[in-house]
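Sharing a structure, written as structure tokens. Questions coming.
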Amino acid sequence: MSSTIGLEPVLGRSDEMIVNMGPQHPATHGVLRVVIGLEGERITRAVPHIGYLHRNHEKIEESRTYFQVVPFTDRMDYVSGTQNELPVVLAVEDLAGIEVPERAKMIRTMFFELFRIASHLVWMGTAMLDLGAITPFLYTFWDREIILGIVERTAGARMLPNYYTFGGVRRDLHPHFFKDVAEFLDHLEKRMPDYEHLVLENPIVHARTVGVGVLSKERAVARGVSGPVLRASGVAYDVRKAFPYDAYPEVEFEIPTSDAGDTYARFWVRFQEIYQSVKILRQLLEKTPKTGPFKGRAPARLKISGERYRAVENSRGELGVYVVGDGGDKPYRIKHRGAAFSNLQVIPDLFIGAKFSDAIAILSSLDPVFGEIDR
Amino acid sequence: MGLLGSDERPRDIILGTLDDLINLARSRSMWPLTFGIACCAIEMMATWDPKVDADRFGMFFRNTPRQADVMIVSGTVNKKLAKRLRRLYDQMAEPKWVISMGACANQGGPFRHGYSVVEGVDKIVPVDVYIPGCPPRPEALLQALLLLRDKISDRELRYKRPQEIATDYDVFAEPGEDGRIPVL
Amino acid sequence: MSLLNEVWQAVKAIGTGMATVHKRVYEEAPTEFYPYVELDLPPVSVQSLALVENEDGTERCIVCLQCERACPSQVISIERHRNPEGKGFLIDRFDIDLVNCMYCSACVEACPVSSIVTIQDFELSTYDLHTLKADIDFLHEQARRSKKWYSPKLGVEIRTEDGRIEKAPPEMQPGGLAELLKPAAEEEES
Amino acid sequence: MDLRIKRERLFDEDVYTVHPDDYRALCEQLKKDGFDYPRAISSLDMGYGLRVVLQLTRMSDLAKVEVRTDVSYDVAAVDSVTDLWPGVEWHEREAYDLMGISFRGHPDLRRLLLEEEWDLHPLQKRYDTGGYLIPDWRPADWPDPAPWQEPAPSQEDAAPEGGEGE
């Protein structure tokens, strides 16, 4: 079980074949490298190597002020945009005692859920690409472009908008935001049956995912995985419910869980999360005041002392941050707890014993994003 | 090479037209390598989505460097990845071109002050077109691909790029005594 | 029987897939035909930076160095000297390294006079990186070329046909909904 | 049990500051108490030594707990808790990689993010060249590590909180 690197993985045993997957591999969703030992079709050993995208977020952020840290956090889980900014913003707001207006909280939550849908759409396209289907990629990116267009009209950038700030958001909503989102939700609800046909009800997907890569409940908890991977193993842990933040206490939604714990269950849970996001967004469109304050009062120079761990539930799971302030305007230490970082640790658990072709399906069901894993 | 590339060559020699013809074929079928690194990779994928649709210009992703013409360096290159990136570049068949996409690939971008980031992919491989942005929007990548298309069709017919990159990185796959590039 | 069943499953799957895909054939394609059709980006879209002058050609920038301090990527470098006649400072050098810029628009937020703005010109790809080391002339030129720009203090501004600078109508502004809703509310009252 | 612990309440979580020798014993106790979900292991350079911060959650009632322990630069090592919570495996490797804290008994303590040949731990504050431009990555160019190190404070003297139990 323990993975040793030395001569052994290179040479292998006489009955073992070593296959190197990555860092350039179309199905690794980035720059993951997995050294896989094979006995025939069966995987006997899997050693993940990460760090090919290590860009020293934590060190650089120590030399930037709190306001300057926020755009850096965008670059972590780059598929889900503003979601990354929230833990830092929440932790600093806690430590500095900044009040956030209700409307700002709702705007934040709306963007949070929009990016969750966008991220799951990217996942759906790329996961199906890994399984050999090209069409879902075209459709999901088509829909994702609509979300990014909505985000760009308000926040100014498509993917990494640097939109949240301490005390609220940076700028007010575009006049057409509510109309755009409502239209998009109608559009998405029309599209979702198509996606179910193409993905969840697809016999090829069934054949390649059902019963593959089963992660038991106890193992999932002990491994510290979170997000859809944990919920597919039957644990109803969701930071949005467990430690609510922003406008989540005011909206109703469910935590979809599945007891199967296999790759198909992880696919299924992500689908249900899209439905839940649509539900949340519909409620927020009703509740959010059309006009009003979008930003609370925050000092121009934040000086913070104390330490705080805050977490949010991003598209991949619990995205946490541990901020330590020493009284200056720069953080003494920032530690990011990447959701996909913890999720990816289960690679040896899931890979060993599976077939080699299953490895691709399992990896796509974990949905890693390397900006957040390597940081 | 000199005759083909120089301006003084007689225009009516048929070699010149063949030259242009080959360049035309090359510039209209650029096949990038599927090599996503970071944030820009998502925008790179979005360039091939229905909205922007780079397929219109005859560009398709190839999964193996042996079949690819263009490498789009879409993200931060750190010291651990640099060797692998250079190896992929060496594996691509000539002629080959490199597009540096985004601030990180250009000069390290916001992460250039860090300890592990290579300040610019042009320290490792020769770059033809640079795109600013963090990340550049898909249309910007498309514009860069069209710039590269112009560059290919305007330039002389080249089979091999001169070794124009001198660097102190010990990441180059130097040919061994038998003339072959050593494997990992 | 299981073979028959599998064949039936396969046929059904292909049928479902084809039917799903077939529906899209009649939908309008979202392709925007970029190089042939000019792209209309939202006015707040951050694609590049520019330095706006006043209508009479004088400098808006007061060289307060706020943008240099706010920049997370540390790409702005300014040198200034005290104005010998009158108050304030004059610019010696105003450089933005657009190569390493992360386009977060923190400088635009920090600017007290809305001199540094975001513009929508994304076509900056180049063969040579030195063209992207923007000096003050480059930044002014960017502003002269652009039709509309955004800064948080003044909102979206547009340049009219005759060269004047005006505030854009509320349906282009972020937060313009408040202004758009206002007349309706007054009409209801009256 | 006779552990050298200090306990305090910070926001919504219990914080235990523990002597490094008792870190493992406390973790075993917490595991018995039902804290089954490891969230993260963070590491800090405190100036007088290094700190390990382990964050745990109990899934049954969502109680949060944080365990801190300070080690000196000279003996930057604590016992690994990988066998209690396998989910901290990579977190411990990351702390070893970037902060230079060894974890005794870890099954596979290699560098995680940086290459194996590196011999520096970049998140330590001594590798901070003014918080701005870090010129080169090669170890020879890093500042001389001698001045900060002497006199190396012993663990009990230096720790402002923790150390002696209550």
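Letters A, B, C and D name the chains as they come in the text, with residue numbers starting at 1 for each one.
Simple rule for what comes next: a contact is a pair of C-beta atoms (placed from the backbone, for glycine too) under 8 Å apart; a residue touches a chain by one contact, two chains touch by 3 or more.
What you see is a predicted model, and the numbers here were worked out from it, not measured in a lab.
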Pair with more cross-chain C-beta pairs in contact, given B-D and B-C: B-C
Rounded Å distance, subunit B centre to subunit D centre (Cα mean): 43
Distance between chain centroids, defined by C-alpha means - subunit A, subunit C (Å): 27
Inter-centroid spacing, subunit B versus subunit A (mean Cα positions, whole Å): 30
Multi-partner residues of subunit A (at least 2 other chains): 51, 54, 56, 59, 63, 71-72, 75, 142, 145, 160
Interface hub residues of subunit D, defined as touching at least two other chains: 114-115, 122, 132
Touching two or more other chains - residue numbers and ranges from subunit C: 30, 72, 74, 102-104
All touching chain pairs, where touch follows the definition stated at the start: A-B, A-C, A-D, B-C, B-D
In the complex with subunit D, residue positions of subunit B that touch it: 79-80, 113-116
Touching residues (chain side subunit A, partner subunit D) in the complex: 1-5, 50-51, 54, 56, 58-59, 62-63, 94, 219, 221-225, 235, 237, 242-243, 307-309, 311, 318, 320, 322, 324, 330, 332-333, 335, 337, 341-342, 344-345, 374-375
Subunit A-facing residues of subunit C, complex: 9-10, 12-13, 16-17, 19-21, 23-24, 30, 41-42, 44-46, 70-72, 102-106, 109, 118, 150, 152, 170-171, 173-178, 180-181
Of all residues in subunit B, those that touch subunit A in their complex: 33-39, 41-43, 45-46, 49-51, 61, 63, 65, 75-76, 78, 80-81, 84, 88, 104, 110-111, 113-117, 134-135, 137
Subunit D residues within the subunit A interface of the complex: 10-13, 36-40, 42-45, 53, 55, 59, 62, 66, 85-91, 98, 107-108, 110-115, 122-123, 128, 131-132
